[in-house]
């Protein structure tokens, strides 16, 4: 019955709780057990065709969440469904529907080439000979691993960027509809990171996959994710699109203009009913910063006034609060 | 999912690693001679080969090189099955294996086959030259027969090794337990020290090890006594089959425990 | 000097805590060791003359294993230590600290000796079960001390050569295992030289290892060496001094080489 309810959604998580029991030494022979609550009742869902980011600092519960959905960890309470199947009771069925990417540095056999590693995992995922070969050829091309020598280089000779690409290739081997990617660009150089991000977006928007993407890089989350779940200390503190999240925080936006003109800047700014500051330099350039809740409301008006008063607009931009501001607000507010 | 694709994958994995790590390959060839030579050296120093022949009924050189070959082939299976979860954990591949839909029992059955085949083939470099030196052409035929028996003996250990692996790997620092289990099995196989000389308790435990019966068949072949060899073979195969359901349960237990505490993903 | 002692003590404390006190490996290792002794020693009973005193055989086994344990410590504790340091990522910090390797080895030496001590207790118990309590009597305490000191010097030199080779060229674990097996046998470490064939005897006497082994066997078992004592002592000292000098030079050369070229980061196994 529950499967029917969740079949449209790729991932459904309902009130998941996970506690770890950690042994702490308190003397030479004595030890005590401390309970650490990694997840304290987390609920969310992921649809097909979207990238949902799970964003949080180290120890927030991101990896614990991914492991539960990947059937690598059983929750203490709550339910989680992947492709409509319960991750605990129907783990075997879940495994046929997911592709996973965990630590980029480890997870391959060092004395095998990139292709040989993929062939091995293809066998584990039940791909037959011909299908496996075709799929591997396609993925090696897609991730540009042929150009990087994946066919003949042993894994121990791979750079981190190559390992990341190979790791994503493995996640895509069985063409699973749901991908669980745990910090897939951690430690990568900018070109490799960008390539991975572009691919992830294509997989969701073009191929219709559901992707749960964990990261602690706010900038990256904004680039890749359609929706974001902010998690801190085992609790989802906020969820929404990047824009929705930024609008929820009571931080003023800043309209920044660099203008050139006469000394009558006071005429333009006096009529503004908002906080602002002005700096002038010796070249006659003014840097104007206007603090306002909704910059869209006043931006055109301000620009028009400057032009009417004979000023030349050198540059203009609106500074939004960043996701970092959002995260700090929700986790410390 | 059939066994064949898994076997193919394991062959590629093991042989890829084995032939690219030349020192491991050389060690495979040298070890039988090393262990046999070590024991013979000391045996000849403290005693006499004639006394050995009187007691055991087999020339000590033949006995020791065969014992080394048997132990290496059989421990190849045990080692592969027992150590694979640990090496996969260390390398970081274990989460991908557990999160895959692969049949665990079939995977663990496939795991030791490639190395076993390589080890058994080492009979051509270890026992065959010595047998030919001693017995001529008959020696070569005997070597082939021993290799077949050793292959059977090693295969018969797969199920019991899976049971042990599933139970031991739920313990922290399981490799320390394995460092005890491994030499214990080597002792109880009765390859270096025949079962008939063991104290009763050791003999009783040894009886439960499938390949110890194959070892006894090999010893009987050398002393020319064919009594009861078919019964011994039957006991070995029966034990191996009886242990198989236990192997499956053991793997499920291990996986349940691993997932309950969380598979390390680094 | 005080700095050296402090540094060595810090190393000793770190290893003692991690390898002896907090590690269950100590006990498990001793149990595993006892089973390995059983595996190798029990077939030897099949060669024995029933008239032979089993306790004399046990004493021989005890001495052979004692020397083998020292060789093992030199290979896996001292020579391989540099490889463990590279694998753990500690070597660079060590070199950058400027403290040198002497305090480190002074610190880990007692750990190896403690382990050997406990292993020999286990050895004594296992041999007593197989053959009966080994007949051990210290015939000449000064010769025993001299023999052990000479053995230690030779093994340190061997460890420096093997260790330097490991870090520079990435010797594999399999090769090290083979060396640790063959070396004590080929150099007369485990068997009285008088029991070896003449060519092997000659070869053994050309290596530094046979001298301390002959001295230890004489001082515990009363077995006379193949050459006269004055020669044995003099040649033992000369060989050990030369071996140590060569090994120190070689080791320093390898350290300079890795500072120039970097370490080879291949796995041991």
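First chain written, first letter: the chains are A, B and C, and each begins at residue 1.
One rule holds in what follows: a residue touches a chain if its C-beta (ideal position, glycine included) is under 8 Å from a C-beta of that chain, and two chains touch if they have at least 3 such contacts.
The shown structure was predicted, so the numbers you read here are calculated from the model rather than taken from an experiment.
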Based on mean C-alpha positions, which chain is nearest the centroid of every protein C-alpha shown? B
Taking each chain's C-alpha mean as its centre, the one farthest from chain B: A
Suppose each chain is reduced to the average of its Cα coordinates; what separation in Å results between chain A and chain B? 48
In whole angstrom, what separates the CA-based centres of chain B and chain C? 30
Using mean CA coordinates as chain centres, what's the chain A-chain C distance in Å? 55
Counting only residues that touch at least two other chains, what does the list for chain C look like? none
Residue numbers of chain A (touch at least two other chains): 110
Residues of chain B that touch two or more other chains: which are they? 21
Contact residues on chain B for chain A in the complex? 1, 5-6, 8-9, 12-13, 16-17, 20-21, 91-93, 95-102, 107, 259-260, 262-263, 265-266
Any idea which chain B residues touch chain C in the complex? 21, 23-24, 26-27, 30, 34, 38-39, 41-49, 51-52, 55-56, 60, 64, 67, 173, 176-177, 179-180, 183-184, 186-187, 192-193, 197
Mind pulling up the chain C residues that touch chain B in the complex? 24-25, 28-29, 31-32, 35-36, 38-40, 42-49, 52, 57, 60, 64, 172-175, 177-178, 181-182, 185, 190-192, 195, 269
If you look only at chain A, which of its residues touch chain B in the complex? 20, 63-64, 66-67, 70-74, 91-92, 95-96, 98, 100, 102-103, 105-113, 116, 119-126, 128-129, 154, 170, 182
